[in-house]
Amino acid sequence: MKISGFFAPIPTPFNDREDIDLDHLRENLLKWGRSSLSGIVVLGSNGEFVSLSFEEKVQMIRFCREHFPAEKKVIAGTGCEGTRETIRLSIHLAEAGAEAALVVNPSYYKSKMTEKALEAHYMAVAEGSPIPVMIYNMPGNTGINMSAALLSRLSRHPNIAGVKDSSGNIVQISSTIKDSREGFSVFAGSGSYLLPTMIMGGSGATMAVAGIVPDHCAAIMEALDKGDLAKARELQMELLDLNAAVTSKYGVPGLKYALDLIGFYGGPCRRPLLPLEEGPAMEIRELLLRIGCKLER
Amino acid sequence: MKISGFFAPIPTPFNDREDIDLDHLRENLLKWGRSSLSGIVVLGSNGEFVSLSFEEKVQMIRFCREHFPAEKKVIAGTGCEGTRETIRLSIHLAEAGAEAALVVNPSYYKSKMTEKALEAHYMAVAEGSPIPVMIYNMPGNTGINMSAALLSRLSRHPNIAGVKDSSGNIVQISSTIKDSREGFSVFAGSGSYLLPTMIMGGSGATMAVAGIVPDHCAAIMEALDKGDLAKARELQMELLDLNAAVTSKYGVPGLKYALDLIGFYGGPCRRPLLPLEEGPAMEIRELLLRIGCKLER
Amino acid sequence: MKISGFFAPIPTPFNDREDIDLDHLRENLLKWGRSSLSGIVVLGSNGEFVSLSFEEKVQMIRFCREHFPAEKKVIAGTGCEGTRETIRLSIHLAEAGAEAALVVNPSYYKSKMTEKALEAHYMAVAEGSPIPVMIYNMPGNTGINMSAALLSRLSRHPNIAGVKDSSGNIVQISSTIKDSREGFSVFAGSGSYLLPTMIMGGSGATMAVAGIVPDHCAAIMEALDKGDLAKARELQMELLDLNAAVTSKYGVPGLKYALDLIGFYGGPCRRPLLPLEEGPAMEIRELLLRIGCKLER
Amino acid sequence: MKISGFFAPIPTPFNDREDIDLDHLRENLLKWGRSSLSGIVVLGSNGEFVSLSFEEKVQMIRFCREHFPAEKKVIAGTGCEGTRETIRLSIHLAEAGAEAALVVNPSYYKSKMTEKALEAHYMAVAEGSPIPVMIYNMPGNTGINMSAALLSRLSRHPNIAGVKDSSGNIVQISSTIKDSREGFSVFAGSGSYLLPTMIMGGSGATMAVAGIVPDHCAAIMEALDKGDLAKARELQMELLDLNAAVTSKYGVPGLKYALDLIGFYGGPCRRPLLPLEEGPAMEIRELLLRIGCKLER
């Protein structure tokens, strides 16, 4: 399976008691299902996967797969600190319907997570997972970066389908594309470098803004396909500030707030993530207007 | 409850299939129970808590409390990424017999873990935990340091009993002692700065070497009590290299290997932690001999 | 003055006693003068500017301007830790013939180099420098990154002509292009992200490989001009490993060794930079052959 | 020569045009000369050495040696980015009267400053310097830490007399004391860990607060000598907040402002260091009053 296109990493909706809110999730999925998205990533960083139990994770995937169009992919975050637990979760989420496993690297024992240890980890997960593995490099959250050399070595395993690289390091992304096996998918992990990644030969992107302005993202891809570089650049530039607001600057609370404004359900985060403050909220409102969103509140 | 003395953060023993090995744990607990230790910390970083399930954590505490002398304390690691889950785990581990909860801070959403967010998290946990909370500052693993100012503010809560500071930052430790409430326990998080911490007014230490050479650690405390600073310094100096080997240098695999050599059961780690390599193994062997341990292999 | 094109940051040649070797410099300049380079950067990181005296800096610029074609630009590194000294050096190097001043930010007092302090510094330098200022963002060496917001604010000053961004952060580069004043030049600071930078609207690059394979760099620019993106990407990909070898991996000793191999004079570095070891030397030899260089040794 | 005692790293006084103000320096030296200080460090981080020219450095040392009591030591900062220049400066400052050279490590080419490169650098400087070398480890400013293993190896050279360790890492300080040669001086690089450093066998300290409250620092040393640990700890605790204010928090501008308040001349810093803001100024004023200083403004 070659994974390509652009995916929205969806948040997990909670009610005011911090319980998963399936009714609102259904409504969100219905809207995303009608959009130009290639698929969704469930249980990623934006899905607050670190705050969900094993059972909740299974429930989320089962529900999403059931309520999302069959022709669009559901990728599930299955990374845990332990190798064994990551394999077990990959098996369960595959059974629940996930088509691929997005596996963030273990990171608690930072100084022991050498390339040798990470390589052994991913090889074991690739062996044990019934669905293709997509490596998830997220140094901003894990404090560990996986090098192009490591990623390229891992790409040799037939069950490792690609990498979502959220480092934003375009040189590393370029080197990974150059040195990995034919057919290996390199994804931009954020919308702010979608165009540079695609230019260098990337296969797609997983990006929070795709859940907010999927048509804008689709338009970048189309401009690129047509060779209209000026248009692609212009659209990419327009995406930068909104992208920053719902990722690096204000995180999941920012993303959920943006979704609330445009007619999806965002809702609160599980603690320790705090609700968005007023200044950032105003900023997100303005950025949504500027990029052409119709606000419902 | 004032927490003081020196504690061994015990590793979780696994068999070759990576399952918890209760028989060997019982034997270890029997030996530690006869030693000069004030107590043990179960499910800390050395306990590979990030690779254990909720159920395994409950089982570990129940078993440890049952097989460890009642007059010695069992402190349980209860920190999770989510606030709600941390409270839930604290309640269950309290029921299982833990006398205090060691709570490492959430760290995945690094840039959102502001002092405000961490303060709200710990206040909620302190409210919800039926047993006293000991804050666990472990920047080497979490990538986040909690300042003396934050720790001192948190010390005002009556159910926050202390902090195990593994930063090794003696200025921060001193400032925390100076500014926290009377009766708040500041613990050295590693054996390499036990003496400086006690000199500045610390209440004790949680340190991997305490599980290997408890009498050596006790001798430092005694020399200090007697005002024999020269002796205390000499003993502290002797501890440095072994301490580094079973913590920062070789981590849990180093600690488990050392235990194997001196007649405890160490055994393998859960992956992704790799087995110790030969060079480090030889080094640990020599360091144990140098500090006077009798090797059983 | 709009600065554009691609520049080679040239090394300062030393003899075996670590004295500047003007004869060899003349020969190098003659060759670079005949190449497709837009100009050279003298006294940059590759010029070991931190190991040169004020007088040596003046001498270098005077000599380079004299022996380099008048129609090609000479940009001089003038950044010092002090604001006043930076201005004084800019004045002297302008008199010596430099057409622009590349100003790395002060970085010794790291925690005090707030955006406010850096803004005041650059505004004062821009006021005092008789030649246009090009900001030099080099976080790998300085430990400080200058944000797109700061760079954009600084771009408003008419005597700040551009930025050489060596962060490699393509999002920051994109945002700087988007938010800076019309006519402000954003340069890639290394050859490994030349194409992505140009795609996003950059004006050029200053890159060590330009002094080794200027025609290869020119070919990327030409392919881009013709809209032949596939060709541009292929050429960019071919540049990556050599670029890494003479910058991030082996630094100035790597660059000088590569120059030695292809018929320029590289020579030794001033200490504390150590001579290249054998393994890296072999690697650079192979990379030069692979990219089509004719080796003269 | 065994270097011991406590030293004040003095700031370089400037007038409003940023020129060195020798008249005010003379007055300051007169007062410090009458105090309990063992000596002064000139051209350290607090001396803004990075903003001074070679000639100004020579002038500073000559003037200080001339106007400071002959029985008290003058240590000169001689570290430069280049090895050769560091040796040259050490020779000139020795001729100007300095009794020891405080040598900060080169740090601009961060990734190339391996332990091997730094060892070669310091060995060459030790060979070339006519006065004893004191290594200066200042990771907060240089971005590089020198390990206890490196420091201990360097201690074998007879002309390397000691290290001023400003890392604040008490474990590293302890290990350096344990593993370095007999007679090697390990100094606390800041007043906030004077007591822990002395307890572990340190030989003294170089600390900004020593220039403000020398008697308070002397009292810590005396309490230690008498074995009055409780008193020593109390005095150390009282020093913490003021020490932080004139070092890590507000830097040289904070130190100079404090000196201005207590009757010394502080004056402005050379840019890019900004003048102290009002809030910090108020804070320093209060901290000085709290520790018992008589304010003259």
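Chains here go by letter, A, B, C and D, matching the order in which they are written, and residues are numbered from 1 within each.
Keep in mind that, in the parts below, contacts are C-beta pairs under 8 Å (C-beta built on N, C-alpha and C of every residue); 3 or more make two chains touch, one makes a residue touch a chain.
Given the structure is predicted, the values throughout are model-derived calculations rather than measurements.
Greatest centre-to-centre distance from chain A is found for D, with centres as Cα means. Chain B and chain C have CA centres that are 49 Å apart. One simple way to say how far apart two chains are is to compare their mean CA positions; for chain B and chain D this gives 36 Å. Among the residues of chain C, none is in touch with two or more other chains.
By the definition of touch given earlier, these chain pairs are in contact: A-B, A-C, B-D, C-D. For chain D in complex with chain B, the residues that touch the partner chain are 168-171, 174-175, 177-178, 190, 192-193, 195-196, 199-201, 227, 229, 233, 236-237, 240, 244. Residue ranges of chain B in contact with chain A, taken from their complex: 18, 45, 48, 50-51, 53-54, 80-85, 106, 108-114, 116-118, 120-121, 124, 140-143, 248, 251-253, 270-274.
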